[in-house]
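Quick one: this structure, given as structure tokens, is what I'll be asking you about.
For reference, chains read A, B and C in written order, and residue numbers begin at 1 within each chain.
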Amino acid sequence: MNQGVTVQLLVLATFIATFYISANIYRKTGEFSARKFEGLAKMEEAIGRATEMGKPVHWSYGMGAFDAQYLAAFVLLEYAAGLCAKYDTRLIVSIALPEVVPMTEEVVRKAYIEQGKVESMQPEDVRFWGGSHNPAMIGTISREQVAGNFMIGSLFHESILSIEAAARYNAIQVMGTSNTHQLPFIAAGCDAIFIGAEMFAAAAQLDATPVRVGSVRAPDLITSVFVVLMVVGALMVTMGNTTLKTLIMR
Amino acid sequence: MTFIKTKLPVVVTFVGAFIIIAQYYFDIPAWKTLAAELLRWNVILAAFALALGIGGIVKLHWGRIARRAPTALYSAATLITLAFFLAIGLAQTTRGESYRWLYDYIYLPVAATSYATTFFFITSAAYRAFRIKNSYAAVLMVSAVLMMLQIGIFAAFLPIAPRIAAWVWNIPTSAGMRAVVIGGALSLVGNSFRVIVGLERGHLGGGE
Amino acid sequence: MALIRKLSNIDVRILYLIMVIAAIYPLLRPIGLPLPISDRARDAYAAIEALQPGDLVFFGIDYSPTQEAEMWPQTLAVGHHLARRGVRIVMLNMIEGAFRYEERMRDIILAEYPEYKYGENIIALPFTAGREAAFQSVVADFKGLYTYDLAGNPVGSLPLWNEIRGASDFKMYVELADAPDWWLRPMSQVPGLQLWNGTVASGASTMAPLYQSGQMIGFIIGMVGAAEYEFLVGKPGMAAAAMDTQSMGHVLIILFVVLGNIGYQAIKADESRAKAKRAARGDV
């Protein structure tokens, strides 16, 4: 075994075991509870408001590379698209990455099919922009005067551009990302946000399957263990004992 | 066909990920060599993914031109610029004088300027969007103001300002970020694990 | 009260004009505001100052042109410091669009430091796609990753390349990046490699825990960090000149936040009073 990775391997093994155990428990009991996410309520409020005003809502994943955040974003997009289909509200999606386009079309179509409104889906409202995503997104928000603006995924500086553009029209804004450098901007400018792991938990809450529940519960349990270790470790180091620190570095 | 579209990618993902993860933990020379080779292949794939982006752009804008959409003229300008840059780059490589001129005097200033529009957006966002709607927002605003006090004009009149800003950065900000980073990282591990073992197939067009 | 309410309705074009004037004026007539050098910048300087002549150092330039304003001054200041220490420099680039900054820095070092000869104590390697996977490749098999250098020369023809066995020969990785930690995860696997980072202001809070935990030995942030480093290196430049502008910008941003919120709170207070009156009258 390589130097300094024993505890890491142990954590990984524990994580995998916890994942499967949690998934199996959910499969047997069907019980999964997470706190209410304000973001989901605000998304519904935004879509309702858009319906009343006759304005569309806008969705974007940001410009970041394809990673696990997109997987959570797909579930939340399906939720938003389902609400838009239900209330006959127009949903405009702006996309920066080409590989995400077919998945997005699939997700939106699925949501409309489930509402029995596939004929009201407008394929041209799923728009791929590539490198010109930011100005195109601002242009879309400004021309359409959207009533709701959602950005969930791997966000970079386009989040502040989107916040400002949509704020001109008093749009209700919900954003979520694991990219910590954008959290201050979206926290300051949005009506509700998903911070990091909350995106995944919200996705599991919307569409609870054993796999999703397992991948939400396992990090929660491991985090709890980490918190205990951090508190104990900090106390020990403060008292001059580095045993735990040395043990973890093995 | 189902095997090629859904099962084979899952198998390839699992085998590749297993080799790369295993060589991190275990010192087996053959695995290390194989992992290094796979990482080099990934570098090549990533380069081709850039080409995929070009294909996407061409498809989008060509469609607009064919449909004679209202923005067809801008789409034409985009494609002509793309073709021009591509032709110069292929003919001269990135070391060619013309390519460098285009890059230094057109692309770099345009890219830097497009980001500089954030200057105006931040201005109007500070005025319009950053509202103190609750106690959390108030704490956020106070912290932001304290952080902005650490340079120049404030440091001249308030020598204690940089020390306060350093404390805000070192203690509460770092503590909060540490929590977010750990939580986010573990969630990413969970979701990546789902993709590796084939439990998540959203990226393949399926569900789970 | 009407005046206060008007504060939440100022035409943003007026605000833009004020900001533009505040940004341009100090560039034309420098105010000369003081710039305190932070302990973090001094520690970052000391980390590179501790390098010995001949030490192998990776110099990663990984920012897109959009970040040029903050990162190019950092690149210059840090590049000059590395050259002054006489270390052997291997330049890397993992972001598309950054290769020109790598070329420029290489040319500046070769022009201003006669002791530097290309191929003998400085090499510039080409863009490698894959982001974190590219860094993993550097760690796993650095020599196998590159065939040509940035100028198109076969790497085997470069004496410095033939002296290197792998990533573990290097003393320090100096990374100037606009993105957070995808370079640090792989590079922290190399035993004994010190990690030094310069990043944009918005990435600072993400990297802060990594610096505090000791995973990074040096850390400078944004244009302020670049200005501080320029003073420490003794070459005040673009970043130092822009500090007055940044100060004025910060003052105005704070002012606009305050103005906007005064107006917003006034409107909220009015609406609450109106609602209370309606409730008292029994109106629905």
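Here is the rule we use: contacts are C-beta pairs under 8 Å (C-beta built on N, C-alpha and C of every residue); 3 or more make two chains touch, one makes a residue touch a chain.
Because the structure is a prediction, the values reported are computed rather than measured.
In this assembly, C is the chain whose CA centroid lies farthest from the centroid of chain A. The interface holding more C-beta pairs in contact, when B-C is weighed against A-C, is B-C. The chain closest to the protein's centre is B, with centres computed as averages of CA atoms.
A separation of 16 Å divides the Cα centre of chain B from that of chain C. Chain A and chain C have Cα centroids separated by 28 Å. Contact of a single residue of chain B with at least two other chains is seen at positions 24, 49, 114-115, 122, 124, 128, 130, 141, 144, 177, 181. Looking at chain A, one finds that residues 157, 180, 184 touch two or more other chains.
The residues of chain C that reach two or more other chains are 66, 131, 205-206, listed in rising order.
Within the complex formed with chain B, the residues of chain A that make contact are 1-2, 5, 8-9, 15-16, 19, 66-72, 74, 97-99, 101-103, 106, 128-132, 134-135, 157, 160-161, 163-165, 167-168, 178, 180, 183-185, 187-189, 195-197, 199-200, 209, 211-212, 214-216, 218-219, 222-223, 226. Across the interface of their complex, chain A is touched by residues 24-27, 49, 52-53, 55-57, 60, 78, 114-115, 117-118, 121-122, 124-125, 128-130, 136-137, 140-141, 144, 177, 180-184, 186-195, 199-200, 202-203, 205, 208 of chain B. Taken together, the chain C residues at the contact with chain B in this complex read 10, 12, 15-16, 19, 23, 33-36, 38-40, 64-69, 96-97, 99-100, 128-131, 133-134, 136-137, 140-141, 144-145, 151-152, 189, 204-206, 208-209, 212, 224, 243-244, 246-254, 256-257, 259-261, 264-265. Those residues of chain A lying in contact with chain C across their complex are 3, 65, 157, 179-182, 184. Those residues of chain C lying in contact with chain A across their complex are 66, 131, 180, 191, 202-203, 205-206.
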